[in-house]
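Down below are the structures I want you to see.
Both of the next two complexes hold chain A, though its partner changes from chain B to chain C.
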Partner chain A sequence: MTRSNNQAPYAVELINITKRFGKITAVNDISFAIPQGEIFALLGPSGCGKTTLLRMIAGFEKQNSGDIRIQGEVVNNIPPNKRECNLVFQQMALFPHMSVAANVAFGLVERKRPRPEIKQKVQEMLDVVNLVGMEERFPHQLSGGQKQRVALARSLALNPKVLLLDEPLAALDRKLRKEMQGELRRIQREVGITFLYVTHDQKVALSLSDRMGVMRDGKIMQIGTPLEIYETPQTRFVAGFIGSCNIFSGRVLSKNGNGMRFEDQYGHSLCVPDCKLTDKDLVRGISVHPEMIEILPPHLAGSAEKSDNLLRGKITDVFYQGDFTELTIKIPETDCRVTVHLSRSKDCRVPLKQGGEVVLRWDACHSNILRD
Partner chain B sequence: MKLRILFLRLISLVTYIFLWAPVIVIIVFSFSANKYGIKWDGFTWKWYAALLENDMVRETCLRSLVIALITVVVSTFLGTITAYGLYKLKFKGKQLLRTSILLPIVMPEVVTGAALLLFFIKLSPLQLGYTTIIIAHIVFSTPLAVFVILGRMQRIDWSWEEASMDLGATRLSTFRRVIGPLLMPGIAGAAALIFPWSFDDFVITYFVSGIGNTTLPIYVFSQLRHGSTPVINVIGTLFTVITLIGLLATKMAEKRSRTARL
Partner chain C sequence: MATTAESRLAESSRVQTASPETSGEREMKRRHRFQVATYLGPIMFVQVLFVLAPLSFILMFSVLKTGPYGNIVFELTLENYRNLLDTGYATVFFKSIYYALQTNFVCILLSYPLAYYIARYGGRWKASLLLLIVIPSWTAYIIRLYALKTILGSNGLINNFLIDLGVIQLPIQFLYTSYAVSAGLVYTWLPFMVLPLYAALEGLDSSLWEAAKDLGATPVRRFFRVTLPLTRGGLLAGTLLVFIPSLGDWLVPHLLGGSKFMMAGTLVAHKFTAAGDIPGGSCLAAALAFVLLLLIYFVIRFGGRESLEQAL
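Right, the complex of A and B next:
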């Protein structure tokens, strides 16, 4: 059931979209495009404008300037009921006075399709979302996950050119959320419809999407695959929001054969991989993921290789998390604190207790360059 | 402790006697053979037979019913769209307008009646009659409908409306298929309140009815002026029984729909 009309390469294109509410600019000159058949996640903290953007694509808000195209067609002046995109609401918004079948059939009835066709389509959709046999139930008789499936089926029944999802999993508990994530992916592959998924949960965005965009204060900070966003964030905000990275401010002192010499604000000299694409003056800091840092006992510090970064510190906090242990380590004579995630499988030769002296070590290639 | 419970029971008993005594007296005396209907002279059905032969009672009762029905239909319709506007639209002075909706409800009926009478006589081309009675009833019933339906609207999740439009429904279709059915309990509640209000309104109707146009309450009152008649007791009994049946029926329907929902 893959879509046949692939004449336009993009399911959704946003061109210089700006939206103001009074004096507040909710969305500030955003442009990006989502290719056909992709799951695109829009990630950002609450109030960053991501839901406003979604509601503009659905037609419930009108942008102050810019164009929205759905499969190449400009839809700026098309009301929501005529736009060929459907929104799955956070609160699901199932009609409480209608059965599951009537909910799924709602849009088809509105389009005055013949009865047998509606019946067949409803069955087909309930089959896709694994709800066969639930036709006569009412929304209040369904569990959270089942409601979610009905909401999906109701929107997918209209074969939209893009399906917009507004944090639909936020109301579910952790286990169910994980299960529904897998289901969403399966359903998307099955129907081949482009998904635009808005969320504030970086885990959902990373595991669900083909590509994602990170938003802040009405602007897109970075767009890329989950791997690119997680491993090479370009700004402090993205680095901090997506992976609680350790951030060192500073500048590049010199370039040499196998890397750049970086000095942080406290004067520590660190090794950074040479990035051929970046002018060294554009480097404003580096970020290091807590799980990439190793802990060594102080006397083993000498055995490190040249490309390694070493920092001496003192353990100030130990938080046991189960699958890993989170350590906070203070670098003496600075107010710099480094977070380290120590996985259970990693061999640690240092007693993890407050006040313990340790050496932090990470490979230069795990230092990621920040541009702000 | 025991004494306190006994005391509470006594108070409840007295309250109920106080509430029910007049009704019971009317029911009992509707079967009394005494021609003034105030003394027990033995059992009879003859006042019920007399009621069937009384053209005035039949006529005024029918009129009151027609007036109440028209009032219910028009004022719930007006009430629904007014409530929708007051709830959904954004405009200056909305809060003031919303509060002032209560004004006709708290205003003494004498004042409303007198104002309407002046209005009809001095400012409108209408002759006092059934039209003016119906207009007057709509005037005092619509605010009540607005009030009840607004209360229901507060319990509606308005993302339902957006969901409906998102699925391709027009505004009208959304109201017909989603919002209307969800407002139904409120609309029905308003109708159930307004019907008896309109049916037995005396004060305002008396002001605006003009000469020779009678509704049932006015007829009953005019009969009592010449001394009590047992036919009035019969009317009272019949309405008590009808109301009770209606009340029980709604309670039962409510219970059934509640168990069906769960």
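Right, the complex of A and C next:
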């Protein structure tokens, strides 16, 4: 069963992995593969099974069925201390009684490498994570970001085939998180090791990863580049989780030359781009990003083009966010509410106050088709 | 108890030695000192009454002479201390230290796995399991030792069982041997090692074990590189709680070791009761206390404050 191949195209392959805890199925028949040298983010709400999946790859949990391959080699029965992947823990788990250098050297000492080699490798790793000069410090003397760097260096020192990261930035404040994201990317490029990054923060996943998968209830909902996931989510869940999308349920009435006629549950007729690959009966709804919707004063509604979607509504809430303003607009006689993000740079000719009547407009091509 | 007083004393004196600068600060300091005094006053009173006063009596008696009828003669002398060096007392002391060390070591060996399994796998049974370990120590210690006697005796549980099985023909002499004393000491003091070790292990973040495993450490290496150094406080605390009482223990050697088995505790008791030599007994007790203080000092020196805090 085991096949050894250094040139395996995938760093990690999961084949029909299922994991049950008692009656609960934490991971339900998941298969996907991560190519060498990629940063892959696994995004999902807490309890969706993403951490369980990560712990299975690390070897701390055993799957009920399915195969895990690391660089082509089946590792199902290899214990964590012999697997060539390392885990960066959410709580960092630095050894409090050891100095930074000793922490980084821990794995190398366990592998019984000669002393000069360990020393050199520790220096090299501390250099990579920008902690030179901190060798003799102890974990309690470090800041959150520095601890994270030590944890990274400790895992990277073993030169794993894949580095598993379990929300390592969750404990950091916003500014530091941003900084560490950049650092992670730089470090990943420098060492060239495949990263599998688990998070519930869609911003981190979008900005950090080369590709990402969105998980829900033990299943992978969609895999793609951050751009694909954000701009063309295929399901209601992905659309809602990745950004506060406006979702219209409904069906396609007719197909014509420049698009499809879509009718939502309230009877609004909307224009949707014609997607040649999609059977019109598969369309269950559309999603529109709040930042793609424009606001017009009611008297200008007539100037819109044919491909535009127009909806009349009333402003019910205005939330000033700094870089943009979030508006909630209710469509009269329905309980449909639309969220709109108005960028500061966009000129808005409507007074933004509660109760104001407005017309919403968005281009047909910004309607994204949902299949569930 | 004595250790409580010392650590509290150290704390209050540290508070007081900071030098005041402004009059406002001086006022604050004064008020603070008053507060400390009110908090610690009652405790200090109890400590003085029940610890320091008896200790000073012992010290005083130890430098007095015994009269011909066992009465105390108020005449200062160091003869008792000279006797300590001359006679065979030293052997008894060393034997006691040996048994205390042995008890301590066996307790560590037994407690680590026990505490580890309760802390890691106890789940919702943790409290009950700990209670099972603690409950026997609530029973009077003399009753427990008599119970142990019935188990170890010639007509006891173990011997009868072995004879019934046909393994042996005649009962083995367990009672009144050094093995019975060792077993009795371990049995008596084991809970006091399990509890601090459990507390230390429970406080250990389990992700550290996982991290060590992830970085390639085998279970044995994990114990020596992560678990042991991080539970050193609990280990030293347990050592204080087991070593001290087993060094001074007199009931275990008395009941399980027989009349000829002498340990430091039995020797002191013998001096006071059978020999009626109060100054001589006081001198032995003072020497024992000195050995123990030395031990506590070294534990604090090498184990740090944390070990003391875990013991209390």
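The rule is simple: the second predicted complex is superposed on the first by the 366 of 372 C-alpha atoms of A that agree within 3 Å, B and C clash if a C-alpha of one lies under 4 Å from a C-alpha of the other, contacts with A are read in each partner's own complex, and residues count from 1 in each chain.
The rule is simple: contacts are C-beta pairs under 8 Å (C-beta built on N, C-alpha and C of every residue); 3 or more make two chains touch, one makes a residue touch a chain.
All of these numbers come straight from a predicted model, not from anything done at the bench.
Participant: Given the alignment on chain A, is it a clash or a fit between chain B and chain C?
Facilitator: These partners clash in the superposed model.
Participant: Of the two partner chains, chain B (first) and chain C (second), which one does A:49 touch, if any: first, second, both, or neither?
Facilitator: A:49: touches no partner chain.
Participant: Quick check for you: in the superposed arrangement, does A:259 touch first (chain B), second (chain C), both or neither?
Facilitator: In the superposed model, A:259 contacts neither chain B nor chain C.
Participant: Looking at the overlay, does A:110 come into contact with chain B only (first), chain C only (second), both, or neither?
Facilitator: both
Participant: Classify the contacts of A:87 with the two partner chains as first (chain B alone), second (chain C alone), both, or neither.
Facilitator: After superposing on A, A:87 lies in contact with both chain B and chain C.
Participant: If you stack the two complexes on chain A, which partner ends up touching A:313: first (chain B), second (chain C), both, or neither?
Facilitator: neither
Participant: Using the touch definition from the top, say if A:96 reaches chain B (first), chain C (second), both or neither.
Facilitator: The answer is both, since A:96 touches chain B and chain C.
Participant: Who does A:218 touch here: chain B (first), chain C (second), both, or neither?
Facilitator: Neither chain B nor chain C is touched by A:218.
Participant: So which bits of chain A does chain B touch that chain C touches too?
Facilitator: On chain A, the residues that contact chain B in one structure and chain C in the other are 58, 60, 79-82, 86-87, 89, 91, 93-97, 106-107, 110-111, 154-155, 158.
Participant: If we count contacts the way the header does, which residues on chain A are in touch with chain C in the complex?
Facilitator: Interface residues on chain A, with respect to chain C: 58, 60, 79-82, 86-87, 89, 91, 93-97, 106-107, 110-111, 154-155, 158.
Participant: Can you list the chain A residues touching chain B in their complex?
Facilitator: Touch residues, chain A against chain B: 58, 60, 79-82, 86-87, 89, 91, 93-97, 106-107, 110-111, 138, 140, 154-155, 158.
Participant: Which stretch or stretches of chain C touch chain A in the complex?
Facilitator: 205, 207-208, 210-218, 221, 225-226, 229-230
Participant: Please give the residue numbers of chain B that touch chain A in the complex, ascending.
Facilitator: 157, 159-160, 162-170, 173, 177-178, 181-182, 261-262
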